[in-house]
Amino acid sequence: MTAELSAHGLRVEFTTRTGRVARALDGVDLRVRSGEVVALVGESGSGKTTLARALIGLARPVAGEVRWNGSRLDRSARALKALRRQVQLVLQDPSGALNPRQTVYESVAEGLRVHRLVSGSDKTEAELVAAALASAGLRPPESLFLRYPHELSGGQRQRVLIAGALAVQPQLLIADEPVSSLDASIRGEILALLLRLREELGLGVLVVTHDLGLAWNIADRIAVMYLGRVVESGPTEEVLTAPQHPYTQALLSVVPEIEELEPVVLRGEIPDPTRIPAGCRFHPRCPALASGEAEEVAESCRTVPLSVLSGEPDGHRSACHLVSAREGAVPASSTETEEVAP
Amino acid sequence: MTDLAAPRLSARHLARQRRLASYRRTWRAFRRHRSGVAGLAILLVFVLVALAAPLLASSDGLDVTLANGPVLGAPSSHYWLGTDDNGRSVLTLLIWGSRISLLVGLSATVISMVIGTLMGLVSGYFGGWIGRITFRVTEWMLVIPFLPLAIGLATVLGPGLFNIIIVIGVTSWPSTALLIRSQTLSIKERAYVERAEAIGGGRWHQMGRHVLPNVMPMVFANTTLTVAGAILTETTLSFLGLGDPTRTSWGSMLDSAYQVGAITTGSWWFVIPPGICVVLVVLAFTLIGQALEEVLNPRLRARR
Amino acid sequence: MSDASLLAIRDLHVTYATGDGPLPAVRGVDLTVERGQIVGVAGESGCGKSTLASTILRLQPSNATVSGTVLFDGRDVLTMRWGELRAVRWAGASIVFQGALHSLNPVHRIGDQISEPLRIHNPSLADRASRQRVGELLDQVGLDPQRARSYPHQLSGGQKQRVMIAMALACDPELVVADEPTTALDVMVQAQVLNVLSTLVRERGVGMMMISHDLSVLADLCDRITVMYAGRVVEEGPARRIFVEPLHPYSAALSAAFPRVGDPAARFAPSGLPGDPPQPWLLPGGCTFAPRCPRAAEVCLPAEPPLTSYGEERSAACVRIGEPDAPSVEPASGHVS
């Protein structure tokens, strides 16, 4: 059976200290199924972590819904626990996410104990923990059982976190920046691990990152976020080799070592989510608008908001007035953008 | 199966060894605090004396009817610390009094710690009305002057060793609760607590497995300070005549000394020894508490 | 010529005294930085990059023992008199420390923090002149001069990092050392900071040493790269060639760790290096990289391979280069050093 976790028009708001409302997610549609790797990319502050947290019920949406296998997730303790039995989150910061007073064994066994999985299995707890550690690439697992987090390297901590998530044998894994704090040499190993789990266990993975190279390494599909919205999504090959949205193009151009592209370094930073610009939320920083390339749609860019990009996994979509205008002119294009039209 | 049992057994064995090693590490760090070690030594002497009281002095010496010494006799070769107004040996009273003083101090502290830790955890961990109400209650208890409250309660409950313990226990927890609350507030924001939630653990799991173990060191360090306070309170209450009249404690000794005018008659041996004992024990607990706090609180440790 | 170079580090050794015995963090490193050149230092966590940087201004921790020479403009920093060293620290070279952006003083405006060294240096400097200089510096690093009035908490990570660079530039140094200036920043902000750095070198002709564990960033920005492993240089050469056709298996692993987006070979094939770097006080005998090396063989075990020249301007420390399944480059001359 394939599991499916999806977000529909998800909106999450935070009240800042000054009393203003920050809309960290502003209508997001996204779908992840078991057996596929989806990458969620975007600059810092685009709402990636907030989406990951909302998907397993850690952040409460003010609008929209999360669906698990097609049915709406209610927020009762039972429903959340049942969801978290199948969907596991690996948090962004490996050094803070392990209790300093728990051994590796206790940290990994936590999920087994919470969901009482040992009694339903023919294996002992120690065997299950050892298997989880081994599948996260920590061998021999017994040698790590009694270590405390401060006795591990950063890469080992990250793998212990992954092992803790794998111990309950989830169908989906959400990994928030799984390698950003790690050395280059360890990075590849963790990514290979995620791919192997997909092969061996049919695991579905939503990997959150700002690293497009990582997405190219492991993701089947990619969703690009900007200021609380998905602005482009589609198969990784298409999105990364033929990006449509000027934001994706800019992100791609600044990845070191892509020589074919003249780097388009966007000025400034992502705007504060308490003040989302009118019209297309990207227009104040849009290089296409600034260069005059988007002259014919400039008015819409500044005033007409774009609709939420569908989360259906088929085709390559982007939320951009310029792209829709061009698509309109060339209807024979293979890409689908009808949801984009305002 | 047998081959699997062996590593598991040894794993548990190893875990115990690790825990021992960590205690040993803490002990080694503690030993480096000279003042803490001094406090511990003083305390040990008092505990030994309290435990060995029947060996050191016969309990008959407490009985007024059996007392045969001089009334308020000065220290002599027979009565090293003199006698009280009933002709009992002050040394005997002091030795037996240490039992009551330590017992009251420790028991009251246990009550105070349990209530304080629970209230602190709950008011820090739960938002919403539970957190608000518990916090309010703590604040109220804190602003009500402590001694009048204790006196009032003791008067209502009536004298008695058990009542004294209860009175001290239920009046001394608010400062502990505030301390635990502030620790809890910072620990519940840690990523590992969020991870426990993401794994599917409920609130009690998060609180019991992650928040509580991480505030425990604070509780320990605070315990010693509370013991000191409880012993002082016991002394005060006994001195005010609110203690258990049937038992001798340092406080009740001071009380009777005051009653019979030991100070005006110059019978210093009836006043100073219990006073010094109280000061020494309180000092010992305070020194241990300060040292423990530095050993167990990594932030303070880093500054050294 | 080494003595004409802006910075020439020769046979540098740094050993820390620790509770577990001596810890050799840097073991015989050579490195040269010319004016107008950016030299990258790559290597994984703990290989001694920051330690190397700190010796340039003799800022190493007090438990470190240093030997070798660090020639700044031909003068040895390690032995120079205090007054001379102070002059170098003032106007010769400046370091942007790793993670220093977190140590900005939260209660002072950033303008005051940038101008502080200026005013200590030149107490007669008028307020207006110093304000103008701060404005120039902020402008140079791509920040609005108005930002001088902000407090650190009002700035994002990338902006704070740029403030750190502005501070490093305050006294017009000839050499800038940037220790992991873009780690923990997202790609766009990283690109902004790197832009600032390369513009600086191009327009002001300063020399720069840039430390990172991301070889792709260095390949993009630097002229030359030095790859370190366990306190030693394992490969040195022109940036692009190290990235594209590395000689040492360790450089190859670092280079492969960051795929080129669009490269079909990297699709679903992340490449990593198994194992952890060696504990500095438990270095394996022979080649220190051998336990993790995909090409390790018998010949690697007897002794640590010396840095050997391959071609005009490259060198690497691996005895297996040129053997059957290695990159086909012929050993040219003898040992470098």
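Should a chain be cited, it is by its letter among A, B and C, assigned in written order, with residues numbered from 1 in that chain.
We adopt the following convention: a residue touches a chain if its C-beta (ideal position, glycine included) is under 8 Å from a C-beta of that chain, and two chains touch if they have at least 3 such contacts.
For clarity, every value in this text was computed on a predicted model and none was experimentally measured.
A.B. asks: Specify the chain with the shortest distance from its C-alpha centroid to the centroid of every protein C-alpha atom present.
C.D. replies: A
A.B. asks: Does A-B or A-C have more contacting C-beta pairs?
C.D. replies: Counting C-beta pairs in contact for A-B and A-C gives the edge to A-C.
A.B. asks: Please report how many Å separate the Cα centroid of subunit B from that of subunit C, as a whole number.
C.D. replies: 56
A.B. asks: What is the distance, in whole Å, between the centres of subunit A and subunit B, each centre taken as the mean of its C-alpha atoms?
C.D. replies: 52
A.B. asks: Which integer distance in Å separates the CA centroid of subunit A from that of subunit C?
C.D. replies: 32
A.B. asks: So in the complex, which bits of subunit C are touching subunit A?
C.D. replies: For this pair, the touching residues of subunit C are 44-45, 156-159, 184-192, 194-195, 213-217, 219-221, 243, 253-254, 256-263, 266-274, 276.
A.B. asks: Which bits of subunit B are touching subunit A when the two form their complex?
C.D. replies: These residues of subunit B touch subunit A: 4, 7-8, 11, 14-15, 18, 190-192, 194-202, 205, 209-210, 213-214.
A.B. asks: Would you tell me which residues of subunit A are touching subunit C in their complex?
C.D. replies: 43-44, 153-156, 180-181, 183-192, 195, 210-214, 216-218, 237, 240-241, 250-252, 254-258, 263, 265-267, 269
A.B. asks: Sort out for me which residues of subunit A touch subunit B in the complex.
C.D. replies: Subunit A reaches subunit B through residues 56, 58, 77, 80-81, 84-85, 88-89, 91-93, 96-103, 105, 110-111, 114-115, 124, 126-127, 142, 145-146, 161, 164-165, 168.
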